[in-house]
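Alright, structures below, take your time with them.
Next come two complexes, and both contain chain A; in the first it sits with chain B, in the second with chain C.
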Partner chain A sequence: MLPKLEYSSPKTLEELFEVLEKYQEKAKILAGGTDLLVSLRDRVEKARHLVDIKKIKELDRLEYRKGEGLIIGATVTLRRILESQLIREKYPVLWEAVKTIGDVILKNRATLVGNICNASPAADSAPALLVLEANVRIVSKEGSREVPIDKFFTGVKKTILRSGEVVKEVVVPEPPSNSFGRYLKMMRVWSEDLAIVGVAGLGYREGRELRVRLAYSSVAPTPLRIREAEEAFTRDGTMEERIERAVQVASQRVSPISDVRGSAEYRLNLVKVLTRRLLKQMVEVV
Partner chain B sequence: MEKKKITFKINGVEKTVEVAPNKTLLWLIREELKLKGTKKACERGDCGLCTVLLNGEPVKSCLVLAVEVDGSEIVTVEGLSRDGELTELQKAFIEHGALQCGFCTPAFLIVGHWLINRNPRPSKEEVVEALNGLLCRCTGYRPIIEAILSVSKAKK
Partner chain C sequence: MKYVGKPIQRIDAYEKVTGFAEYAGDLELPGMLYAKLLLSPYAHARIRSIDISNALKIQGVVTIATGEDFPFRVGLYVNDRYILARKKVRWIGEPVAAVVAEDLETAEEAVELIRVEYDPLPPVLDVRDALKHDAPLVHEELGEYAHSPAFNPIPGTNIANRFVVKKGNIEDGFRKSDVIVENEFFMPQVSHVPMEPHVCIGQYLKDGSIKLWTSAQSPFAIRYILGYSLGIPLHKISVYVPYVGGGFGGKAGINFEPLVALLSKKAGYRPVKLELTREEQFMTAPVRQGFYGKIKTGVTRDGRIMAKKIFYAFDAGAYADYGVNIGRAAGYSCTGPYYVPNLEGESLTVYTNHPWGTAFRGFGHFEFLWAIERQMEIVAAEIGMDPVEFRLKNALLPGLTTATGEKLREDAGRVDQCIRAVAEKIGWGTPPVKISSSKVRAKGIAALWKAPAMPPNAASAAIIKLNEDGTILLSVGVTEIGQGTVTALAQIVAEELSVPVEKIKVVPFRHTDLTPYSWQTVASRNLFMEGRAVIRAARDAKEQILDIASQVLRTPKDDLVIEDEKVYVKGRPEWSIYLKDLAAGYVYPDGNTIGGPIIGRGYYVGSRLTYLDPETGQGYPALKWTFGAQAVEIELDEETGEVKILKIVSAFDVGKAVNPLLVEGQIIGGGVQSLSLGMWEEYRYDENGKMLNPNLTDYKIARAGDIPEEYEIVVIENPQKDGPYGARGVAELAMLSVPPAVANAIFHATGININNLPLTFENIWRALNKGE
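Presenting the complex of A and B:
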């Protein structure tokens, strides 16, 4: 049973801001509802006024603009992202990450913006957005601001969003040319589960030098980009030494917990295994 | 809690009802409209047994609010057959023994119909992928997959 609720479905951003102002922290945005309704049922979520944003046309945007990048509106479903051949080719790390979220049926409702606003440490789209250096466009009655995704998450299920603010869209800039992106996710079963550990990687050439970006899910209170590991890979040495240095640094920066999906020790080991696997692939492909 | 008036089509029939905002689409189907083919089990989007078509696409009806379906079209397992005649897929489920206790069967039929409609000749991998949000605890999935594939081949 869901708790007692109120519901509204504004058609414009202005109407949305009015509702948010009226209900403040009692209001919660409803898009796909695949996380929110479960949290309400479990009484984890305390909000009691749901604001359905699916009728707001402006939030439905999924488009790519050369130079600016990819814009993913707040109500764009995971299904639409997967069906985009452009995203599959230009942003493979994002496409692969989205592919692993939930199942085919959930993807008809679940949204990418919902995945980041829910701010689970296990949010699969987050590591991909971190290595792609995406920005989050936030709007409110007062105006708008744009925040890099690595400043967006502040804790387990916590973001920088303030009362009255809404994520309008995520903007994913052009990836470096000839880059290679992958998301490796370890699950208990092959079809559908939260990540025990997930690793997103982006490899590209800067001049002749191979550069990498690394970000993780399910290893810390928030999805985490580990720049120190990226830098450790960049320094001198044989390719094998560079990979092992990055693996060591990455494993020192994570702080995994034990839960139903795996122990902290197992997660720590997976961080090493998956980081090594990913870096080897990048060395081969990029 | 103020009730909202919603109008929608279910299995081709237009309905207008008043619902409280905390009721799910699953509740609307089973308790308000008394269509018991759609099953209630985990109520948290894991098992998929409450899956129905909403505007032609499968959704887990325990994760959709009834108030969200205002103006929409819904198809449940009761809406698949025409004039008492089972569909090819329903017949194939019987022929392949693709059910045992039958509790999950409505959801598999809904997703099977959706898949065959949009992709008349799916590969085995595509069938498996489409079904990965649904749980069956008795037959195993093999006869279900074979039933769906047999219909896709029949459409050659």
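Presenting the complex of A and C:
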């Protein structure tokens, strides 16, 4: 059973900060709850006060501003993201990644910000946000700060968030023009699963040259962007050689573990296979 | 026929989809208490001491029980289980103590405060290790256990049952073979994963009687075992079973019912409820046994099987009270649907320190058919014969003898027709197709058979009552666990008594005080056996109706006919009387009354079934054999090991589809379960025998999105003359043999044989990359 919990639902950020200050580490933020409730039931999460942020209007933004980019508020559900035709067209890598998270019921509740705050190495939205070079807007009683997503994750289930801090929204900048993005994910079943390995790629042209960005889930303690692999495309060589170099570098930079979901060996193979497949598509499409 | 053979909606659909169908978990009784179990952290250990003093101090705790409180054993076929672990624990997850409290939170809190000291013993965690002569014994006192005479435990070993079958002359058979092929096969333990985990409520009354409300498949088996084990007369035990949210065999035996009954006694006669969480369902509820098989086949160059030596070892886990019958069933069916003139088969049920096994849909057949149907493919390849042709050449047809020497009856189902049907529909005979640098498409086929695994005296019964308005109540002991039998039975009543299905109610609960006896809801036996009992009950009611109608209409019985809820004089439809006017006695205009309430009764037991010879396994175990075949087309990604199932074709000789819609539902549901078990499902253990994936995040089962898009069904109807309208059972059959069809397709695509389940993408990738 769930432990006995206290619950509050502030209506403004100010009220939220007050509650967080009062309960400190005993408080935990509840948005979709799809990760949190499981951790509470399993007694992994010890929090005893849930702060429901769904009534805070300011956190509910899903907006696109030309030039500035896409703003995804803390309570925006995965379902709302999937329903956005604009996101599907302009940020296909993000849309594809979100589409692979959980089932329909879960998507109706789970939030994108929750997905990154949970900071699982397997977070599907994270590699997409990494290649899109998103920023995380963090607020607290003291003020606000904005952090690039690749500085946000610090370890398994760990982020840079300090006590009293809350992610208000994620800002995804305008992607390079005519870019192409994809998220390839290996699961254990055909329908829904956590990523055994996930690879997000963004390809675009700089002049006539193909440039790529690559980021991964489930291959390291945190979601991981591998710039050294991307650099293969700034060097000499045929396209095939560049792809193989990127595959090699990526497979050297990841550090997958063996667990009940898959062995390190298998994951390493998937990193190579999926990276190669993704890059070949980039070459063809971009 | 007006009702039988029609694809009508299941009669319980409305209640179930609207949520007002009653399940055991919905029940709350006045004064009810809640139980929580403390589970063993050791696979094998002696219990040195249990300290419950701190837990008892928690406010709201009513009582705490340990194994010493209940010093007697229970079990279905072998009495090998204590109510709570006593002296020893035998698997990680075995209940060691139970807290009973006013509410569940308190019980959970108190469980954490119980301190148990263990002396760990070396565990047995592999079925082959368990058979070694120096293996630690899981049950030192095996020789003391009471057991049914059909079983043969070997004291001083881990063998809970040894079943042997011998036919023909095996040396001679191998001598006449041109090619001999031997292989080993394996599959892990799995869970039934019913949507509704086990729930039961027990109340011990002060007069020594017991009331149970439980999510169980077989209320009469529970009543019998409980009465036998506790020495309580059966009329003092009442077992109530409402709708059950899926069983798949896991709820077929006796599980937590004795525990809640005895906890109630200890808690001052208040009702006690135990409801497992999903994690507990994985850890402490019974599972399907693991399996190891070794098959040696002798065959002539022209593809005739001459001899088979078969060895099956079932990893029964810590207890085998129900499990012994699985090894026995696999033993007498061990050849699969093929004629084998010379045979030596041995099927062992073996104790280990894994979770305890019980019945599982398909009962031993899912397991050994994996081995048999892979072996058929390998042997066919060895002699260069098409595997479909090889199967047809050796098909067990009417007139040939089974492993136990039973001559297959004339009106038996036809496996050859099933194999031909799936081969045609899948487009058998085309080579694998490479569709990209890493992807290949290929096809695979596997056949199957099964008979109900039941004792010769397994019985069924039915009661039909005619209500005063002409509606009908049908009461049967088969529980509704999703399989749809009750709908088919309602159709049979409708057909027999010419009353629309809407006017027939099948009583939606089972209560051993009121419901007619049924041995168990298992084995794909209930449409056949309850079906026959229902026909008899309907005809009994009909006789009673006609007796009265004959007087009222002043016409002999044989000149009367029942149609459209009336009794007519043949050829004189104007002379008739409504059934409702006969339901509780016919009243003449002046008040004179004749007859009385109409209550039809019927029973059924199999004819001429026998116990099997303990030395040779020869005899008549089978009420009916149902045959079938599965074919798949797969797409294999050789770089990732991912297999996609593009299409499944299933063919079954069901004799008669009493309800084609339900037959189709069973076949697709079973096929998907089969696929799920074959591709993903597996108890994963650490080196101490602890389950690593006791949740649905990491114990993967097929979901709606995993159902193959193309699913084709072929229903073959060669009627069995003593079946109800010719029907045979199909419920379990539907989930057999999909995994070997997939592995056979992988073999055709790559030349690689995979003989261990599950076929996870990683396992396939490993098999393809072995040696690289």
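As a working rule, the second predicted complex is superposed on the first by the 286 of 286 C-alpha atoms of A that agree within 3 Å, B and C clash if a C-alpha of one lies under 4 Å from a C-alpha of the other, contacts with A are read in each partner's own complex, and residues count from 1 in each chain.
Here, a residue touches a chain if its C-beta (ideal position, glycine included) is under 8 Å from a C-beta of that chain, and two chains touch if they have at least 3 such contacts.
Every value quoted in this text rests on a predicted model; they were computed, and no experiment measured them.
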Chain A as common anchor, with chain B and chain C clashing or fitting: clash
Touched partner set for A:D52, first chain B, second chain C, both or neither: first
Contacts of A:D103 with chain B and chain C, given as first, second, both or neither: both
Chain B versus chain C as contact partner of A:L270, first or second or both or neither: second
First (chain B), second (chain C), both or neither touched by A:L194: second
Which superposed partner A:S258 touches (first chain B, second chain C, both, neither): neither
Touching partner for A:S144 - first (chain B), second (chain C), both, neither: neither
Larger contact residue set on chain A - chain B or chain C: B
First (chain B), second (chain C), both or neither touched by A:L37: first
Partner chain(s) touched by A:E6 [first = chain B, second = chain C, both, neither]: first
Offending stretch of chain B which, after superposing on A, collides with chain C (from 9-17, 63-71, 99-107 or 117-125): 99-107
Doubly contacted residues of chain A, that is, touched by chain B and again by chain C: 1, 4, 103, 191-192
Chain A-facing residues of chain C, complex: 104-105, 108, 639-640, 642, 644, 679-680, 684, 692-693, 697-698, 700, 702-706, 760-762, 765-766
Touch list for chain B against partner chain A, complex: 1-2, 4, 20-24, 43-45, 48, 51, 57-60, 62-65, 67-68, 111, 129-130, 132-134
List of chain A residues in touch with chain B within their complex: 1-7, 9, 30, 32-34, 37-38, 41, 50, 52, 54, 102-106, 108-109, 191-192
Chain C-touching residues of chain A, taken from the complex the two chains share: 1, 4, 103, 186, 188-194, 196, 260-263, 266, 269-270, 273
